[in-house]
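Chain nomenclature is as follows: A, B, C, D, E and F, assigned in order of appearance, with residue numbering initiated at 1 for each chain independently.
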Amino acid sequence: MLKQAKNRVGRNAILLAMLEDEEEHGLIAHLNALNWRYCKGKVGSMDLQKIVSAVETAAKRNGIVNGDLYREMHALYHAVLEAMQGVTRGQVELGGLMRTVGLRFAVMRGTPYENEAEGEWIAVALYGTIGAPIRGLEHETIGLGINHI
Amino acid sequence: MLKQAKNRVGRNAILLAMLEDEEEHGLIAHLNALNWRYCKGKVGSMDLQKIVSAVETAAKRNGIVNGDLYREMHALYHAVLEAMQGVTRGQVELGGLMRTVGLRFAVMRGTPYENEAEGEWIAVALYGTIGAPIRGLEHETIGLGINHI
Amino acid sequence: MLKQAKNRVGRNAILLAMLEDEEEHGLIAHLNALNWRYCKGKVGSMDLQKIVSAVETAAKRNGIVNGDLYREMHALYHAVLEAMQGVTRGQVELGGLMRTVGLRFAVMRGTPYENEAEGEWIAVALYGTIGAPIRGLEHETIGLGINHI
Amino acid sequence: MLKQAKNRVGRNAILLAMLEDEEEHGLIAHLNALNWRYCKGKVGSMDLQKIVSAVETAAKRNGIVNGDLYREMHALYHAVLEAMQGVTRGQVELGGLMRTVGLRFAVMRGTPYENEAEGEWIAVALYGTIGAPIRGLEHETIGLGINHI
Amino acid sequence: MLKQAKNRVGRNAILLAMLEDEEEHGLIAHLNALNWRYCKGKVGSMDLQKIVSAVETAAKRNGIVNGDLYREMHALYHAVLEAMQGVTRGQVELGGLMRTVGLRFAVMRGTPYENEAEGEWIAVALYGTIGAPIRGLEHETIGLGINHI
Amino acid sequence: MLKQAKNRVGRNAILLAMLEDEEEHGLIAHLNALNWRYCKGKVGSMDLQKIVSAVETAAKRNGIVNGDLYREMHALYHAVLEAMQGVTRGQVELGGLMRTVGLRFAVMRGTPYENEAEGEWIAVALYGTIGAPIRGLEHETIGLGINHI
């Protein structure tokens, strides 16, 4: 069974990606108390590859995943792709479809299940805007990918 | 331009769908001050049709949309479908792929742009779990759809 | 090279599916002069299977394809699926996504290329409405599939 | 309810995109009598972005949509994407899949419902050829997207 | 790095699913020497759910995965879905698109990387026929899904 | 009805793509006895276009298809695309999703049905690895496309 709301990797990743700096103090304190590994960052691009790359690089640099271990990178990669499907809603494509994103992302690695044998899971949350490559012609978007790691 | 974070339809819909009852007081007060129309609800099913139907019915009953006006139902329908793409991440299918969801949803109709001429927009947020039709074999999922209305 | 507009299988199938009975006399005379095989019909359903089945049955009964020859049924089947992608625009699904269609269809088998060695090709055109399972809550839709046969 | 065939945005957009110059006189007279806004154009490319861009630019220049209003550009954008799904039938991709298109397009903005409260709708129709980047190795294709505006 | 061909989970799963009984003796001996867990089975249906279910049940009954541990079932589920995408090539749907499959499947769990830290991976291979629900109107199809476990 | 296993185009194409050079002698002898046309090759790229192009070029150069006849190139093209869907499992995209493939491919043209009237069919098989653009961070993948020709 999943733990209660405050101890879930998805919900915490979404809040970390979505809350403004001045709103996140309580969340950060809670995550530190959980002793989970996490990071957040920003990326804007018409190029999907840059989104994938920004999240992977941040996760490796902050020690969320071990970049030399394929099983960890494989888990992270599929979580990123699933999150991008929420962001793009149908065609996982940006510039080719004449659109661009401005995203904040969070990666979180923790133990969201009551049963210890379920081990660690990773969540990737993306939140921001998607729209035409013209300032202001955009609306919000979100995506979440979760995988066992 | 989109208004600042607290006055966006997507972010507010996500928080309304995701926060526990005891966490949402501040959000509800804020939404009421904005004078926006919104509703929330719960639905669990292996049947996509029931998810679509539950959101549409709640939105109509709570006066978020006018069920007799196709242009409003069309706007809502596409927002629901886009939200389901975040939830299902690839194939918009549940039972056929041997999986089920337990979701909380929020529908929000407001004016998220600084330019008044941008008028009203509708957001549908879905948050909950997706997994095998066996209690506990599930992880979190989220989806957001936004449309002009 | 494709022949000029009037001697193309796709354009003729679209017109046959889309024109009202009182508009199609010139088209029918032209098709008969070309000596091509064609048929038209109607089908309405929330069930994709019934759309596929209605088109296949009409094509077999009218001698457009030989139902005992898999290579002909394979060519027709893929043309129907491609036409359904235009109709559904993203997810090839109807009732599961809480929507229904009312379609007129045409199947046309002819020789649209100047080079005789290009042989016969088949076109499936679908035109009608798609929308909620409530009368009037619907808009137009079209699809065209083409294959060598 | 949709108006009868001659007063529908989709059917008119398809005919405008598909008819040869010498065939379209009656259609143009009818559209002008309806007092609807419309335009037509041509675009050929292996690059999806150029197709989207050509349609958007034509619609803005001809006053079909207001390019400064995101809600109008959002309505148009989704209509273009839906039309491209009919053209590409499965993967909304051209050059990456080693194929190119030569399309004629029409954009039409009108009032296709009997109920005046349903307001304005926009249709984007694309008709032409798709195939290998070698002259003649191509067949016909069509797509239609419709949205409230 | 992946080990050489004979010690890969995907290739072995494909051969196990594809070889006739009289051809597989050498393969079985090799797999037993590797000391990997594997099983094979057959399933025919117009219903995707039955395919997923047949593979999951066989994998649990043969001890390839622990059915009580979600992280193992999650790994297996995504491998099955990815294999079904190869089988269905575009729309992960069978009966709704008026087609049926007759498949042999293999599930294999082993250590295909030279680096021991890469641990165990699971492969699901499906091989058989797909076609109309009429005997003989069918062609071959294959799919392979691989995941860390 | 399909002929027995050894005389099927899909199975033979898969084996030809997957077997190591030292394993394929029996297969080659069998194919030559069948008097079928076939070829094999290798291609590695982050660019889908190069995969499509490599297979098409090999098939033309080896006389499997007639490059001047669109109906043959159309049959081959769709077989390649279907095979790529098995390889990419969901989004037919490589570099844009930050991944690369190293593939061996086989194209086979033969008569796999007992009924002579079913004529010739073409199979394209792809087997190899897919993963991050970093050596070793990859797993196996397969795809098969089949079409009448």
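To be clear about the criterion, a contact is a pair of C-beta atoms (placed from the backbone, for glycine too) under 8 Å apart; a residue touches a chain by one contact, two chains touch by 3 or more.
Computed from a prediction, not measured in an experiment: that's the story for all the values here.
Touch-path distance (fewest steps) from chain C to chain F is 1. Here chain E and chain F face each other with the same set of residues for the most part; over half of the interface numbers are shared between them. Chain centres computed from CA atoms place A at the largest separation from chain C. When the contact pairs of C-F are set against those of E-F, B-D or A-D, over half line up by residue number only for B-D. Taking each chain's centre as the mean of its CA atoms, B is the chain most distant from chain F. Centroids built from CA atoms put chain B at 20 Å from chain A. Averaged C-alpha coordinates put the centre of chain B at 36 Å from the centre of chain E. Touching two or more other chains at once are residues 70, 74, 90, 93, 96, 121, 136, 138-139 of chain E. Contacts from chain E toward chain F in the complex involve residues 1-2, 5, 8-11, 14-15, 18, 20, 82, 85-87, 89-90, 112, 121, 123, 125, 127, 129, 135-136, 138-146.
Residue ranges on chain E touching chain A, taken from their complex, read 69-71, 74-75, 78, 113, 115, 117-119, 121, 147-148. On the chain A side of its complex with chain F, the touching residues are 47-49, 52-53, 56, 70, 73-74, 77, 81, 92-93, 96. Of all residues in chain A, only 91, 93, 95-99, 131-132, 136-139 touch chain D in the complex they form.
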